[in-house]
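Labels for the chains are A, B, C and D, by order of writing; each one numbers its residues from 1.
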Amino acid sequence: MTGAWFDIAHMLAGGLVLLSLMLLYQDRMFALLNVFALHAVVLSLSVAWQAQVQHAPHLYITALIALVLKAVVIPVALRRIVVRLGIHRTIETVVGIGPTMLAGMGLVALSMVVMLKATAQADPLAREDLAFALSVVLLGLLMMVTRRNAVSQVVGFMSLENGMILAAAGAKGMPLVVEISIAFSVLIAFIVIGVFLFRIRERFDSVDVGALDAFRGERL
Amino acid sequence: MLLVLALAPLLLGFTRKVKARMLRRRGPPLLQPYRDLLRLMRKQAVIAENASWLFRSGPYMIFAATWVAAALVPTFATGLTFSWAADLIAITALIGSARFFLALVGMDIGTSFGGIGSSREMMFASLAEPAMIMIVFTVALIAGSTQLSSIAQFILTNASLRVSLGLALVALIIVAIAENARIPVDNPATHLELTMVHEAMVLEYSGRHLAMIELAAATKLLLYVSLIACIFFPWGLAGPGGDTSAFVVGVMSYLIKLLVGGFLLVLFETSIAKMRVFRVPDFLGIALMLGLLGTLLRFVSGSF
Amino acid sequence: MSAAELSPALDALGAVLMIPATGAVVLALLPGYWLSARLNVLIAFATLVAALSLLIARPAPGTFLFVDDLNVVFVVLTTFVAFTTSAFSASYIGHELEIGRLTPRYLRFYHAMYQTLMFAMNLGLLANNIGLMWVAVELATLTTVLMVGIYRTHEAIEAAWKYFILGSVGIALALFGTILVYMAARPVLGEGQDAMVWTTLIKRSSGFSAELLNVAFVFLMLGYGTKVGLAPLHAWLPDAHAEGPTPISAVLSGLLLNVALYALLRFKMLLAGNSAAVAPGALMVTMGLLSLIFAGFMLYRRRDIKRMFAYSSIEHMGLITFAFGMGGPLANFAGLLHMSMHSLTKSAIFFAVGHIAQAKGTQRMAAIRGLTESHPVLGWGLVLGVVAIAGLPPLGIFMSEFLIVSSTFARAPLLAIFLVVGLLIAFGALLLRLSEVAFGEPTGSTAPVKASYVPLFAHLGLVLAAGIYLPAPLVVWFQTVARLLG
Amino acid sequence: MLVAMALMGVAVLLAAALLAMALQALRGASHFVYPLCFMACAVLLGIACWALLTAADPAPTLVLPIGLPWIGAHFRIDTLSAFFLLVTNLGGAGASLFAIGYGRHETAPGRVLPFYPAFLAGMNLVVLADDAFAFLIAWEFMSLSSWALVMSHHLDAENRRAGYIYIVMASFGTLTLLLAFGLLAGSGGGYAFSDIRSVAVALPGLTLTLVLIGTGSKAGLVPLHVWLPLAHPAAPSHVSALMSGVMTKVAVYGFVRIVFDLMRPADWWWSILVIAVAGVTCVLGVLSALMQHDLKRLLAYHTVENIGIIFIGLGLALAFSAYGMQAPAALALTAALFHVFNHCLFKSLLFFGAGAVLNATGERDMEHLGGLIHNMPLTAFAFLTGCTAISALPPLNGFVSEWLTFQAILLSPALPSWALKLLVPAVGAMLALSAALAAACFVKAFGVTFLGRPRTPLAASAHETDRASLAAMLAFALFCLLSGVLPGLFIDGLAPVTQGLVGAHMPAQTTLPWLSIVPIAESRSSYNGLLVFVFILISTLLTIEVIHRFASREVRRGPAWDCGFPDPSPATQYTADSFAQPIRRVFGSVVFRATERIDMAAPGDARASRLTVIVRDLVWEAFYAPVAGLVSALAEWLNRLQFLTIRQYLSLVFVALIGLLLLVSIWL
């Protein structure tokens, strides 16, 4: 395949990483959701591009799912939850934005090193793709770890899933089963989270996980 | 055996006599102990209400054990018929059993004095016995045997001055003094409650029982003297196959040894004062240490 | 294509999956507690029969499902414990209904979920496709999350939430690992289906890129390790055990952990097949030992009886992982044996604990005293169970621990020392609690509880029997599996 | 065949356990459980005697297809097993006989009956086992059943603590033994004893240490003895008798079996380890015993002391055989084994006595007893016999075995090693010391419990115990006398055992005139229990005869004189503590940091003045308290991990992931 194709794929994947870093950077709830929507869009683009490159039409479905679900439905739903539950719109972070960003950089570097070392003989596209995917995953995890309130943790988890999908899409010719399962699982995951938010709202007036953590098992 | 029985009170009498003399008193006649015994025998025995069968049978057991032990010590001739029945360790243990029962009967009536006596007696014993065992070790290691006869034979045949032997002698003397409740450990003459040990145990006895106990005590004294004599100064002992003349010599030398021993004992007693009860452990501790030292020396090399 | 693959589902293999699946649907529709509880038992029993039939007639491996010596062990164990647990849950849930902790609506949900869980676990065990296996494990996770939260108390939801978040992160990592494995396999096996099928993967694993496999195993270890409950990924486990319904605690400890462990073992075999890849044993040994000792210490400060036994599960999972990490026929044999014994014993303990908690109306150990006085049968049952789990003879766990420790000591004395220390620490904690809970002046209600003792003593009886006599065929079977594990 | 019969006996015991479990509802279950146990033990006893006397070569073996697969359960009765089988079932039969009477007064029979036969079965199996796995299973089964028995009176928090410490120590010992077997068997997994014998052990020193710890923790060697004085008294008395009299012997068996049979002694420094530990055990055990006023705990501490004596013998045997001096080794080993036999006899006897007292008065504390000799004369007589025996006084059996040990010590200057030259005499002194102290201790035990005046109404209203118990006690008393008077027979019985273990045996004794015993040569040393006994008997009778012929025979009963001022209150008697006070002052101040606090009421002050004695257990403080503290501190510290937030848990996962990835990226 020609360099241009490769560059586009490269650019999209790189853009995803960039957006993950931006997610880390956000400190306002709505902005976070917006950026996440963008994240999802870019993901669907890159997946679609992979479909194009690999001539794997089934990947388009994945791309579509990503677009619809992650770029539209979920952000909207979350936004409504935020409004309904009157969660204050700022995101409390554990460590400051600056250090988090630095850590993010470090993670990106790490994932590069690991992947490029590991996949020496795989084709370059797959290598880049995996490397970026891993960094997205790690960044998502970092986000879950460094954010205090539930919505942002959910967002972090979502971006983590995006990384998964990126990787899966990059894995050339990976059978359909997997994408379906991913979409399926993410769907389930989200429903469950929704259920939980509901239950939790029944009991607490905020989704702040901190309130949940008041009880930790042994305080009987 | 009967010889032992006969001589025991005599030795006691002799020591008392000499002691009195040293204290510028006339003192009781030599045969006084016999008289005492006979008198006690004739008296009726008064026993506390709550005395048990052990209390009544105790004296006999004590006496028997001591007697047997004494009888096993070669007095004037080695190679007695039954000398191999028990060795030195066994003899020590026999004395031990005598003491064991003595302490028990001391506690039988349930008076505080009996308790004092028994408890102190056992405390002394807990040091005196190991000391004795250590002495036995030393001697046995020198003579290569724990059989008294063989020991005596060995000393007789190849006698030579040895450090460990000396240590053992000193230790044995200390033990003997303690075991026989002599000054400075205990005062056989006292009836001042808090100072007495042996007397406190036999406080409740009277009549024939007391006689038995007294006799046992006398026998014990004799036993120790003859033990020292037999181990360290076996000269004059008649050999196994000795004829009558040898036996006569043996008996004479034995008697002389007894006299000397008794005299020295008295000399020692009169020259020092009784010590506090809790100084006694140190006193006995010395004996234990000496014995252990002797044994150690023997272990480390045969030349000591 | 998948339809074509799944179509011959009428054989025993399919039955093991289909029975619970259909059962789940039926139970979801069926109202009424009494019937559905009985039906639940019946379905579980049918599944067990189907699983047993796998021992005799073994269908040929398909692209999606297959049976071999390894997973048949797990399947039989799973279906058996699932059966006994369903019997236990019948009597347990009845009581919960009486005291109104559960409403009939939730009960219907509960039974449906129970069978769904069985389906998911069996699928995970029988899957011949790493993707399918992953799906199954995820499904199992989600069902258990829902069941843990079923009481909808503050604590239950908190536990479920914790379980859900940690579980899904773990599962995500596992997926990433799976993808990496595919990436590693693709160059050798070509694109598409084959690169995800066990039977082919195992055959060709020697040709895969070793570096990729190493990275993949890191993710898989952390991903599935979370489900196994290895420290430091264990956090969800104690609360999930403590707050869910006791039958679910039994299933979690007895089965779900095994399923995750099974997945780990599969990938370990994969790496073992590749000489260039770093041996996965070291990692497993380390995490196993860590979990063992950590859980041992954690046991001392527990106040909730179910949570304590949850920690003991962590400890034993650590031990089992350690054994498999050591590898070698002896250690693997011991690991398998220990796993089976632990499943039986721990579920038995949870049966007892469930009834005890119902009888005393609390799970706080401080409020449970002198059980052998107040409830002799339950009390002695608990004593026997704890004695078994603590590894005292003549019960089965002693045999496996004997093999693990002695075989380890011959190979790596230092490790064995750590192992022994960890075992001793855990032992001390368990016995300490036992002597408080089972003995002394009884407290709380001494009213007799309506309990089904059959599952409890059936399990303990099996454990006892295994401790004294292992039937030769079983031994041979385990030995072949142990060789399989390398 | 023989083995099969033995296993049958064991099976009967196990069946009895199950039966008891089934019938524990019935009140009278004890009426046939104990007789059943008695019969089973008797049969096994017969088997043991036969095996010991015939000493079949090769020893009969049997392999059952149970236990560890691909090895099976091996069982074997060689002379060593036979001897310990004899000891075990002698004790077992006695205890069962005693329990026929004693068990009737059991408060919680349901908690004793099922486990008692199981306990017996476990001990028998340990002795019979011939492969590591069977051995350990039986070993731990023994601990487990005895633990259940210790917990039988669980309502007392003290007993629960005792049981807990016991089971933890037991499993510690088992694990060390497990490690030892791991070394012995090697990675090949040849756990059958025959395989272990055939291969050379990898790290003999380490193995020996492990074995010493493992068996010592069960036998009660200092500093592993702490559980013993807690657990033994906590159990019902017939069980205490078994635990002290038999179970510790089974532990000794384990040591002898592994060290002398499976490993074969090689290095002389092993013996240093053993002898030193043993010597300390002796003295510490007896001193601790002196400090007690709980009768059963006192006895338990004496078990520790006697174990020390036994291990001194074993250590000497190790030393001798390390230098190839077989005859002395045989002597030392014989001394040890003979003491095993004797201690089983008199310690069981003493615990029976304690049980009878407990039964009659409900008291274990000597300070509340006294004067029992009047109401329970037979018990008193039996107990006195036991006291005399354990105090190593002739003509009873305790003396003989200690005498043999002394003889062995006297032979040890021939050992070339200097360390031993210095160590052995010191240990000899310790042995002598502990013997003397034991005498003191039992004067106290018997004197305070049975003599004097009753200190409480309970003691005053005591009654003689039942027939079965008396039968058991008197029988054991008789045995003590027999083995003290005719030691030659028993020593010859031990000859094949020592022959098998150190390749030599003591000269045949029964052929000697007058049945005297001679360790090496008559010129060196000899002892004739029979003769001594006869002498004492004769002279006693003689004196009594003479006295009653010539002396006055009348007796007047009167109040105690007591130096003129008798006191009515029995409280003024010497108590156990006051009896031990001098010894406490002499030794205790060092060994126990014993201190006395006297709070004397001022003149005219009405309040009672009191004297408090503080005796500290340095062993516990030095070895156990730190460990317990460390564990609980670590538990507390780690416990914080239970209370993290989900986010923090996630960060744990995160850190783990990053760490591993770093590892991969750097190293690989």
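Keep in mind that, in the parts below, a contact is a pair of C-beta atoms (placed from the backbone, for glycine too) under 8 Å apart; a residue touches a chain by one contact, two chains touch by 3 or more.
Quick caveat: nothing in here was measured; it's all calculated off a predicted structure.
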Longest centre-to-centre distance from chain D, chain (CA-based): A
For chain B paired with chain D, centre-to-centre distance based on mean C-alpha positions, whole Å: 35
Whole-Å gap between the CA centroids of chain A and chain D: 69
Chain B-chain C separation of Cα centroids, rounded to whole Å: 78
Chain centre separation (chain A, chain C; CA means) in Å: 31
Touching two or more other chains - residue numbers and ranges from chain B: none
Residues of chain D whose C-beta touches two or more other chains: 642, 644, 646, 650, 653, 657, 661, 664, 668
Chain A, residues touching no fewer than two other chains: 114, 117-118, 141, 144, 153, 209, 212-213, 216-218
Set of all touching chain pairs, with the criterion as stated earlier: A-C, A-D, B-D, C-D
Chain A-facing residues of chain C, complex: 2, 129, 131-132, 134-135, 138, 142, 145-146, 149, 152, 154-155, 157-161, 164-165, 168-169, 171-173, 175-176, 178-180, 182-183, 186-187, 191-193, 195-196, 209, 211-212, 214-215, 238-239, 242, 301-304, 307, 363-364
Footprint of chain D on chain B - complex, ascending: 1, 41-50, 52-54, 60-61, 63-65, 67-68, 71, 82, 84-87, 89-90, 93-94, 96-97, 99-100, 103-104, 106-116, 118-120, 122-123, 125-130, 133-134, 137, 140-141, 144-147, 150, 191, 193, 203-204, 207-208, 211-212, 277-278, 281, 288, 291-292, 295-296, 298-300, 302
Contacting residues of chain D [partner chain C, same complex]: 65-70, 111, 132-133, 136-137, 140-141, 144, 151, 154-155, 157, 160, 163-164, 167-168, 171-172, 175-176, 178-179, 181-183, 185-187, 189, 191, 631-632, 634-636, 638-639, 641-642, 644, 646, 649-650, 652-653, 656-657, 660-661, 664, 668
Contact footprint of chain A on chain D as seen in their complex: 642-647, 650-651, 653-654, 657-658, 661-662, 664-665, 668
Touch list for chain D against partner chain B, complex: 370-371, 373-374, 377, 380, 384, 388, 391-394, 399, 403, 406-407, 409-410, 412-413, 421-422, 424-426, 428-429, 432-433, 435-437, 439-440, 442-444, 446-448, 451-453, 514, 516, 522-528, 531-532, 535-536, 539-540, 543-544, 547, 550-552, 554-563, 566-567, 570, 572-574, 578-583, 585-586
